[in-house]
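Consider the two complexes below, in which chain A is the common component and chain B and chain C are the respective partners.
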Partner chain A sequence: MNEPSRQQRLTIKTQGEARQEYAAAADWLRQRPDYHQVFDYFLEIAGQAWTAAEVSERTGRPVVQHLCNQAPLEIFHAMGLQPLRLASGCCAVSRLAEAGLPALMCPMLRSAIGAQRVQAQASRVLARVIPTTCDWTVKFQELAVALPNDLQKNSSSPPVHLLELPHQRHSERGQARFQEELFLLIDFLEQKIGRRLTRSALLTSVNLYREAWAVLESLIALRRDGRLAAAWFAAICAAFLFDSIERWLTAAQTLVSYLQNQKVRPAARSVFLCGSPIIFPNLKLLRLIEEAKMYVAADELCASERLWPGGMAVDDRSVSGLIRALAGRYHRACQCPTFADNERRFNSVRAVGLPLKGIIYHVLKGCHPFDIESLTMERMAREANIPFIRIETEYSPEDARTILTRLEAFANIDHGASA
Partner chain B sequence: MIIAGIDLGSTAIKLALVADGQLLWHKAAPTAPGQEKIADNLLTEGLAAVGRSGETVVRAVTGYGKHLLVGADRVIDELTANRLGVCKASDGRARSLINIGGQDVKVIRLSAKGQMTGFKMNDKCAAGCGRFFEVAARILDTEVGSFATLAANAAEAARINSTCAVFAESEIVSLMAQGVVKENIIAGLHQSVARRIAGLCAGGALEDDIYLDGGAAQNPGLVHALEDELCRDLHVLPLPQFTVAYGAAISAAMADSAAAKNSS
Partner chain C sequence: MISIWRRATQHLAFVILTYGGRFGVHFDSALPCFSCPYVAGCSGHCYLMALQSNWWGLQMPWVVLTSGLGLQALAVFGLFVLLTLILGKTWCGWICPFGLVQDWLTMLRQRLAIPEARMSWAGRDRLRIIKYLLLLYLTIIPMLIAHADLHSDFSLPFCQICPVKPLMPLFVGNTAHLALDTANTITLVFSILSVTIAAMMVVGMFFKPRFFCIFCPMLAIIHIFNKITPLRLTKNPPTCLACGNCSRACPVDIRRVHEDRANVQDEDCLLCLRCVESCPSDRTLKLTGFGKSLIVSARRRLTTDG
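Entry: the complex of A and B
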């Protein structure tokens, strides 16, 4: 029998470390005083890295991997497909992606590429849909296939569709182009599955997701009054990204009923969290914020509250009408920092309507869009007299101590005092 | 009541014994494994030195290792302890403070009432921090304590460009290889660190009445270089290494008197 190669040994070792990382995050949540068995479903889904094959088996649907928030989930669902977000918060798997990737790269995508390499399951994926948001996502496929030699043997890359994102969301031209892009996406998927998207299927999916958005909205309201900690919300969002919408919806509705019966816990030091995404099991910053005795009452992270960009107005129930409505929701209402006209992003802070201790702005090293927008956000925060702190970090835990020192100082700062 | 303010820092453990707001005794020991034991030994030594062995002591802990001390009576974050220590020791005059710690530099802005109104921290790189001077001292085979005297005798400051401690280390080695004298290298180090700290202080981070503390503030060479860079006068308190430990004790005393007031 052949000896496993160095790369295979590294893969096995990394798989073990990744399992531990997920388990540690889930265990930490299970041991919290606010744990209840109603959270178990979310821990089960968020608490491990699922392969595309496992997700396909669990949901009974072929998997389409996708990045970012701009590919309408309703379209995948209506075509009998299971969307699976290409996103990972696992630090351990990043190591597998280190060889051959740029040194200062988006940690979330580095981890996502590492996770793909650990799984080597690309052949089980029907297609990959990549909205052209930031440079890292545009180059994702190129980076993802740059595999070390002995991983290349076992993998084949799924067909990729680039969903071109017009970077001006408030221009009519941009909106019209995005609608066109959605029709091209539908053409692409129809070719892959060999059947047409029907109006009734799309309408059913739109209605199903409307229910999901309503539940997300309830969960967000529960965050605001102190009944749902950010770390739990991260697990809930991870389950949303990695499981079937039907299962998630049932579990989330039960959770909402449970939480609505819990006591309101107004937090003394509520903060608003902005910036680069936080994806399970990367709970580092959320844990440190809690350790510094602050409560994340709201966020506008793309894999968290920004999964819910607001309600969708459907006045025309034809396929074109539904696509127009979806385009409005997934493009015009999206606050991705890669848009050129994003001044209204600060409105989400104002809309929270809570007395805030301040804004914590999370920048993953290498995530240029959020890094750039931190300057605008800081200026706007200053103008509105809202305290602001920028935390630049990556997935590794080594800077936790210094981040904690800064967060503790931020929590104790007397922002009301005149300097 | 006697209070022990304990600052478990990254390079040194500092202990200040305080009663009625007055500093009775202080001592530092290098940080090493078994921090709890080191702190206990300092406490025992201090109580004996002030003739109060056996008395009940409130232990107020701060610093990077603050969560390592089991059974501490109070745990205080570093910046709060620092602010309180400097405010009290400066009789409320301080409006800004620059703390040069072992592994980071903190710049804190204070209101007239001593509240923290803003802060900045350089925690990305050891260059500019206390640890950096220790590393340089090792390469130069010179005590940090003699840096100021040597720098004062420098004909000209050597240019040290690296913003990273590791690269600065190799820059020092290469300057030595080029025959640049120690005095000039040390003066260059002071300038380079001062430049970096001044960069952190830019953009309105400082009010007037600036106090400098942390172990590195004991080095007048660095203080002068920083004054030059900032074009401002700096005040250094008599025991700059102990202001954080002292502030932790002050914080505990304040909490105690607030609790007493509430119960009466």
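Entry: the complex of A and C
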């Protein structure tokens, strides 16, 4: 038997560190005074670094990995596939991937590439669907291929479908092009699975996800009145990204019933969190905000409240009508900073309807779209007389003290008027 | 829920307006909707007929117009204006019997899972002018008959080609208006046009919701009074998340409702309130009456109604 190489030893060590990182985040949540066993399902799912093979086995469906929010989950579900988000908040695997990737790369994607690198089991991924949101996602596959899996020498990358994203979502041309892209995605998946998408299956999935959206809306409402902390919300959303919708829905409905019987706890210092995504187990910023005695009453993060952009009204229930509605939800309603016509993004802040202590804008170093849009958000916050703070950070915990000091100062300064 | 109330109102209005006359109900000839006088036993008449006619409308000679009958014509017009002002476009979205017929065809298509026909934005915009041209047509021809000796067989020029004339009488078992009138060339041409337009409209209305409303001159007249009607569709732009549900759900493809502005009531709006129902943002779209909110958009509505 061959001795593992130095790189393989490092990879195996990173596997262990990654497991510890997930477990530590889950343990921190378990130690909280607002923990209840009703959260156990979410901790079980979010608190582990699941491989595609494990997810496929657990859900009984072939896995399609995807990036970003623009790939319609209903289509995957209707075709008997399990969508699995190619996103990772794990610092250990991000470090592992660091050496072979550009220095200023988006940590979330670097971590996603690192997570693929440490998977010891055969891939079992049917395909990868990558919406072309930013340059990093467009080049994701190229970078992923450049860093081979250290533990499976003969592993091959799954076939990739680039879902080309028109960057103008309110133009006729942009909307028509995205609908066309969805039909191309369906063609691609039909070829992979060898059967056609049926209207009844799509309608069933649309209704199922609408039910899930309604539950998510209930959770958002509970969050607004102080009954659901942001860290729990992150775990709930992570579980959604890594498990079957049916199981998640059942657990989330139980959670809603439990929380609705809890006392309303209006927070004194409610803040609005926006910017780059926060993905389990990277709860650093959420923990620091809590330590600074602020409560994240609302957010506009794509792996959190903006998980499903908007509710979906469906009148035309033909396949093309359903696809048109899905295109509306995943493209037109999406407020990703990658879009050129994003003027109404600040409306998410206004729609919260709570007095806000301020806006915390999170930028992951290397996440260019959010970095660019932070300028616009800051200007709009100033115009609306809402205090604004921009936190630029990484997955690593080294800058935690500095961030905490800034957040405490932000929390304690009397900014005068707020929203 | 809004759709359920609207459907119930539409069906009730259909029964009353189409069959009410048989039970002694009569709302006169000033209705701002297509309750067609060619339907025997209907309980009220579309004002467009009165407007084109030689008894209360533009085909009246000057001498009659300046007599007592002129005052009666003015009274009918006044009643029409009053009804239009009170309910505005809800006549179109909630009451018009022919509107409901169009909605039935849409429901049938949806039941059969046949996709809706789509129009390009520019194509849809180009069609807007047609209703005003039809309005011009139905006002000029009667005046030419009255004052320029145009042949009287051109009377009621819009009714002669209106698809409602051959289609609505079918609901009381009358197929007579599907036949060609061979009395002379004018009547023959009108009857051929009438049946052809009706057939085209049925196909159009099946594939496109409220297809006829795009061309309806009544909608154009109601729109003229829109600025002073108390019922308005308004928007609170700061809370709009730009999801586009409103314009996608709109049966007549209005894009203005999606725009970043407070006054979103478009000239083609039917006040069906499907946009309000499909809006996922609380208190963003609303129907107001005399400055008071009557119906507002609500997140919870979308989670339950879809």
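What we mean here is this: the second predicted complex is superposed on the first by the 406 of 419 C-alpha atoms of A that agree within 3 Å, B and C clash if a C-alpha of one lies under 4 Å from a C-alpha of the other, contacts with A are read in each partner's own complex, and residues count from 1 in each chain.
Everything that follows uses one rule, which is that a contact is a pair of C-beta atoms (placed from the backbone, for glycine too) under 8 Å apart; a residue touches a chain by one contact, two chains touch by 3 or more.
Quick caveat, the model's predicted, so the values are computed rather than measured.
Trainee: More residues of chain A in touch with chain C or with chain B?
Mentor: C
Trainee: Return first, second, both or neither, reflecting whether A:R324 touches chain B, chain C, both chains, or no partner chain.
Mentor: second
Trainee: Touch test for A:R247: chain B only (first), chain C only (second), both, or neither?
Mentor: Touch status of A:R247: no partner.
Trainee: If we overlay the two complexes on their shared chain A, which of chain B and chain C does A:A409 touch? Say first, second, both or neither.
Mentor: A:A409 contacts chain B only, not chain C.
Trainee: Regarding the shared-chain residue A:H170, is it in contact with chain B (first), chain C (second), both, or neither?
Mentor: second
Trainee: State whether A:R224 touches chain B only (first), chain C only (second), both chains, or neither.
Mentor: In the superposition, A:R224 contacts neither chain B nor chain C.
Trainee: Determine, under the contact definition given at the top, whether A:K365 touches first (chain B), second (chain C), both, or neither.
Mentor: After superposition on chain A, A:K365 lies in contact with neither partner.
Trainee: Who does A:W213 touch here: chain B (first), chain C (second), both, or neither?
Mentor: A:W213 sits against chain C, while chain B stays out of touch.
Trainee: Using the superposition on chain A described above, determine whether A:R401 touches chain B (first), chain C (second), both, or neither.
Mentor: After superposing on A, A:R401 lies in contact with chain B but is clear of chain C.
Trainee: Which chain A residues are contacted by chain C in one complex and by chain B in the other?
Mentor: The answer is that chain A has no such residue.
Trainee: Within their complex, state which residues of chain A touch chain B.
Mentor: 292, 399, 401-402, 405-406, 408-415, 417-419
Trainee: Going by the contact rule at the top, pick out the chain B residues touching chain A in the complex.
Mentor: 64, 77-80, 103-104, 106, 108-109, 111-113, 115-119, 121, 123, 207
Trainee: Residue numbers of chain A touching chain C in their complex, please.
Mentor: 170, 172, 199, 207, 210, 213-214, 217, 309-321, 324-325, 328-329, 332-333, 335, 343-344, 347-348, 350-351, 353
Trainee: Considering only the defined contacts, which chain C positions touch chain A in the complex?
Mentor: Per the stated touch rule, the residues are 110, 113-116, 120-121, 237-245, 248-249, 258, 260, 274, 277-278, 280-282, 299-300, 302-304, 306.
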